[in-house]
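Reviewing the structure listed below.
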Amino acid sequence: ERKVKVGVLKLTSSAPIFVGVEKGFFKAFGIAPELVFFQAAAPIATALAAGQIEVGATGLTAALYNIVLQGEKLWIVADKGREWPGYPLVGIVVQRELWDKGEIRSVKDLRGKRIGLTTLGSTFHFHLGNILEKEGLKLADLKVIPLQAMPSTVEALKGKQVDAIMVPQPFPGRTEAEGFGKILAWAGDLYAWQIATVFYGKGFAADREKAVDFMKGYVKASRYYHDAVLVQKDGRVVPGRNYDEVVQITAKYTGARPEIIKIGFPYQDRNGRLLVPDIEKQMTWWVEHGFMKRAIPLKEIVDTSFVEAAIQAVKE
Amino acid sequence: MSGARVPVEDRTRFLERRELKTTRVLSLIGLVLLWELLARIGWVPRLFLPAPSSVAGEAVEMVASGELFRYLGSSLLRLGLGFALGALAGIVIGMAVGIASLAEAVVMPVIAATFPIPKIALLPLLILWLGIGEPPKVAVIALGVFFPMAINSFTGVRNADPLLARAAVSFGAGRWSVIRKVMLPSALPMIFAGLKLGAGTALLLLVAAEMIGAESGIGFLILHAQNIMETTKLMVGIVVLSLLGILSHWVLTRLERLAIPWKHN
Amino acid sequence: MRVVIERLSKTYGDRSGKSVEALQSIDLGVEEEEFLAIVGPSGCGKSTLLNIIAGLLAPSEGGVFFEGLRDGWHPPTAMVFQEFALFPWRTVLGNIEFGLEERGVAAEERHARAMRLVELVGLVGFEERYPNQLSGGMRQRVGIARALAVEPAVLLMDEPFSALDAQTRQLLQVELLAIWERTRKTILYVTHNIQEAVFMADRVAVLSRRPGRLIAIVPVELGRPRREAMLGDARFLHTVDLIWGLIKADAQQALAEGGS
Amino acid sequence: MSGARVPVEDRTRFLERRELKTTRVLSLIGLVLLWELLARIGWVPRLFLPAPSSVAGEAVEMVASGELFRYLGSSLLRLGLGFALGALAGIVIGMAVGIASLAEAVVMPVIAATFPIPKIALLPLLILWLGIGEPPKVAVIALGVFFPMAINSFTGVRNADPLLARAAVSFGAGRWSVIRKVMLPSALPMIFAGLKLGAGTALLLLVAAEMIGAESGIGFLILHAQNIMETTKLMVGIVVLSLLGILSHWVLTRLERLAIPWKHN
Amino acid sequence: MRVVIERLSKTYGDRSGKSVEALQSIDLGVEEEEFLAIVGPSGCGKSTLLNIIAGLLAPSEGGVFFEGLRDGWHPPTAMVFQEFALFPWRTVLGNIEFGLEERGVAAEERHARAMRLVELVGLVGFEERYPNQLSGGMRQRVGIARALAVEPAVLLMDEPFSALDAQTRQLLQVELLAIWERTRKTILYVTHNIQEAVFMADRVAVLSRRPGRLIAIVPVELGRPRREAMLGDARFLHTVDLIWGLIKADAQQALAEGGS
């Protein structure tokens, strides 16, 4: 068995990896993943660049592109979460009062308002920008306030310090439950995009056989995950045969309560395929907004050959 | 004989120190009651400041499941090691810098320059050099403990009575003897202040230390509970930190009394 | 103002349980305008006694009373400390002015009075020096000046001239007597010099070795003002011999037995 | 007369303090050179530790565009205010606790219990109570400065020579006079050590402070640069913090000398 | 061992530019096995001189030499400090043992020697006390014991008995002389008591008021061992008078002019 150090966040978004480990999908291909838990996304990228982990699974942020721009090679190899219509993940939540007064009823009404989110240059930031552009607005038309942590962001809405916030599940639901927030829209419904991916470090990618074997396990886990928790009918999730098992595995790894986990799993491609064009678009956007100095040619950062080889190899 | 007969009273009584152990305990109970009250009257939302009663409930569960002790165990190791390393380095370097002008001129600017560097900005370098296991976690704590220790030890040595140093020299004490037998005891009160600060700082930095590659630990608990919005668990973590803070303060105060007997009799 | 000391005892406690009995049942009245000297072997409790009178230490038993206290200002005492107890962060002048500050004397008058005392104790030119720039004797003189500055109803002096050379000491003794004769305050004067005690005082209280008990109060039958010539006076010599005799046996025994 | 003629030499020379101003500057230059070397020999990838030369280049750009000064401006205000508030509160409370046993028994356990609470766990509460403007940022810094100040002031007061306090009382000084005229000057060396620690801590916490809704400031720069992995900009921020650290240390050392003239002559 | 002081001057500087000239061109040889007393007015530089000889202070000009130093141990001096300079964190016994520790004396012997000195200075029962639990005189005795313990080639004593009562002082004077006669070390003894200086010393060095210059070296023509009876000896009284005369004018002037 070959060991692979995998850096993950201890969150629901890492569920496919947890499933792969727990169900022995990696093991089946002679891979023994060693999970290394992180409490923030940035150190995962750093650890990957430093060679301390071989595989990383986290959000696709400006940070990652900048790491590559500064000469540390790493590869985006597979999907690990998308914003997808019908799958509530990141929500735009407005103050209940403003909603009730009719002041904000659509994305367009956000013009001139104050919107809180965690960090500038985060996936949320990118996403917000794109949603606004779709609605004919620009980021400059409103005021984005970075608040670093989720609780701070939610608290700022509650304290009426901001008019709206952009936060992932389960926070949108909670703000409604507590009565101070109203979900304006789910980001995925407005705009689908690649939110998180699996990365390979330079050395790991070079060890082609091992890298493909790892991917085989991952593809198998993805399918299992997808069939269990993501299949929808008429806009509602139909729990698959292994729904409860996946919930339970996720609960075991994240320590979160099942009822919170059940609020929603992030969407991801059944085979772990990437939305490659979206990645290019993201880079363009980061460059436009000054978060990156220049774009990276896709072939220098995205390598879909692993996932394709794995899909070929792993039978249904 | 005109005028009154006035008894002389000890006017230095206000300088006296009493122990007031019950007051100490009452103070902490008051703090908890205040918190409960704040939570009850709804001044603070349940979500962000759960009432002590519910925190206690959660804590009991975590104790029953053994989770809390496991976390405590892994954190205590990091804390202990980081504290010991940081404190030792701080005392040694602080005292060296206090006694030798050359060391002072070389090291002090470096200390002043590196002290303000935020630990989170150091994480990448720590990961690069020390990996993602225990070493970087211990290093974060040690670094945090180092600065208050070094600056306080330095100040302690600098403020030692020069007459006593000269007395020691007159009896043949060399540099090393003076350091051990004059500077060190003179600096002890400040060193203990530094240790108290260091202990608090170590606990404070546990969260930063357990940001990378931790699967257990109180800092991990706090971070993770915050990520998954389990505020009650978060508060359990904070309460544990607070208790450790009180405990370490108490232990250090006791130790101080043992180490400085000549001031406490 | 009279100082009445009644059944005064003091035992120093210790955390470890060891305790030292410093004073044992002292009964003593110091008369208005009296110059009382206190002599006794080292460690017998002289400083302890002065500290209790100054209100700086609580007695274990008994007490001290001021009788006939007239002016309102508290404390009516000022003390010359055996260890000087100068404030290292104050200059000579600042130290001397301290008591005046606490009594709310205006800055100008404070300065004028302090300057007069600087002159008296021979420290002109050192007004702006800090204590650590002074010699031992100079420090002691600052301590004396600080206590004299407040013109207290009761002046407590704990071996005030011990660090001074013979000449300076003599000059200051004369000055102190002159001040006392002019202002007629009550003075309690601890000294280990029996000649000095007799030369200066109206009465000499003799304490035993630790625990300090009052062995005797010896009146000095010399006229005032005292003059150097009196040092050869038969009454002077007789009184000195008397006191010397009183403490000799006691002190010798003390040294032999050590502190046990 | 047998034996040699041996001159007596001053054996306390090693206790003497020299200024060595050039050594101080050389030490910092050495630090920068070491850093450049580390970067040049490629031991550390550029990503993790960009060379000082490239950091300087970036800094020049940021100065030219006025960005750096804008950031510095907004941070200095927060730092100044937070430092002043925290230091004042720390000195006042620390000294009060040092002199009054009752205050000590009530406050010390609370200090020991609250010191280890990580600032990031407090952010939501600070936002709730103080909003997202300047107040919570100032509060984070003030909180950080408070603890070292309080503990050091406390220790300073506790270690004041009781003889001097009694001397003051003997001349009619009451509690307040003793505090001002004996405890305060006695505690000054420790208070200055606390101020140095406080200044470092304030700079350290700038990043945490500017986590809340900041759009400019050195802390924001560091956070933002780290979020998007712009290590050169990040280093510009850190270098600015370091320079502020050196500056504040230097200023405090000067002030200390002015405030404690009796030890420096 | 001889101590040779050659053209020794010391001026204390000050950051603010004010400086004090403490010693001016002192030339003095202290003979092997000599007991030399030093007297002089307060602030004339006596402590400064001892500190320079002990190697604790650098002279401004000139220097001090040891001649005929035989045993290898440095420093050959031990000092009784005017301010006692006890280590507050060491007990009486710990303080007395300090110098022995530095000389590498084994723990047991250290203890035995320290205990003997505790007895000598009359502090039995106080071995485990800290200095802040002692009276002034007791502290001074610890300082004396600490210096005697190392049996130095040169003993420097700065007003060693100033805080002791007459009786204890006399006993310790006799003890010191006995020790000196037995071991024949060189002793430099600063005192402000002229009688004491003459009673104890072979020669008395008289310093002028600040800046301290050597006015005279007065040999004492009394036999050894000295006895109390000699205090009435004509030669004794004559020498005292001589010295007194030497410093009187000088000191009076000093006090009149203050520190100017």
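A, B, C, D and E label the chains in the order they appear, each numbered from 1.
Operating definition for what follows: a contact is a pair of C-beta atoms (placed from the backbone, for glycine too) under 8 Å apart; a residue touches a chain by one contact, two chains touch by 3 or more.
In this text, all values refer to a predicted model and were calculated from it rather than measured experimentally.
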* **Reaching chain C from chain A through chains that touch each other, fewest steps** => 2
* Asked: Counting contact pairs per chain pair, which pair wins?
  -> B-D
* **Mean-CA-position distance for chain B and chain A (Å)** => 39
* To do: Please compute the C-alpha centroid of chain B, do the same for chain C, then give the distance between them in whole Å.
  => 47
* Asked: Rounded to the nearest whole Å, what is the centre-to-centre distance of chain C and chain E, using the mean of the C-alpha atoms as each centre?
  -> 26
* To do: Could you list the positions in chain C whose residues touch two or more of the other chains?
  => 14, 55-56, 75, 83, 133
* Give the residues of chain D that touch two or more other chains, as numbers and ranges in rising order. => 11-12, 45, 47-48, 120, 124-125, 128, 166, 169, 226, 231, 263, 265
* **Set of chain A residues in contact with two or more other chains** => 46, 50, 149, 151, 154-155, 158
* Please list, in label order, each pair of chains that touches. => A-B, A-D, B-C, B-D, B-E, C-D, C-E, D-E
* In their complex, what parts of chain B are in touch with chain E? -> 163-164, 166-173, 177, 181-182, 185, 188, 260-263, 265
* Asked: Which part of chain B faces chain C closely enough to touch in the complex?
  -> 1-13, 264-265
* **Touching residues (chain side chain C, partner chain B) in the complex** => 1-2, 4, 14-16, 32, 52-53, 55-58, 63-70, 75
* Asked: Inside the complex, what are the residues of chain D that reach chain A?
  -> 45-48, 120, 123-125, 127-128, 131-132, 211-215, 220, 223-224, 226-231
* Structure fact -> Interface with chain B, chain D side, in the complex: residues 11-12, 14-21, 23-25, 27-28, 31, 44-45, 47-49, 99-102, 104-110, 112-121, 124-125, 128, 147-148, 151-152, 154-155, 158-159, 162, 165-166, 169, 175, 178, 189-190, 192-193, 196-197, 200, 203-204, 206-208, 222, 226, 231, 234, 237-238, 241-246, 248-250, 263
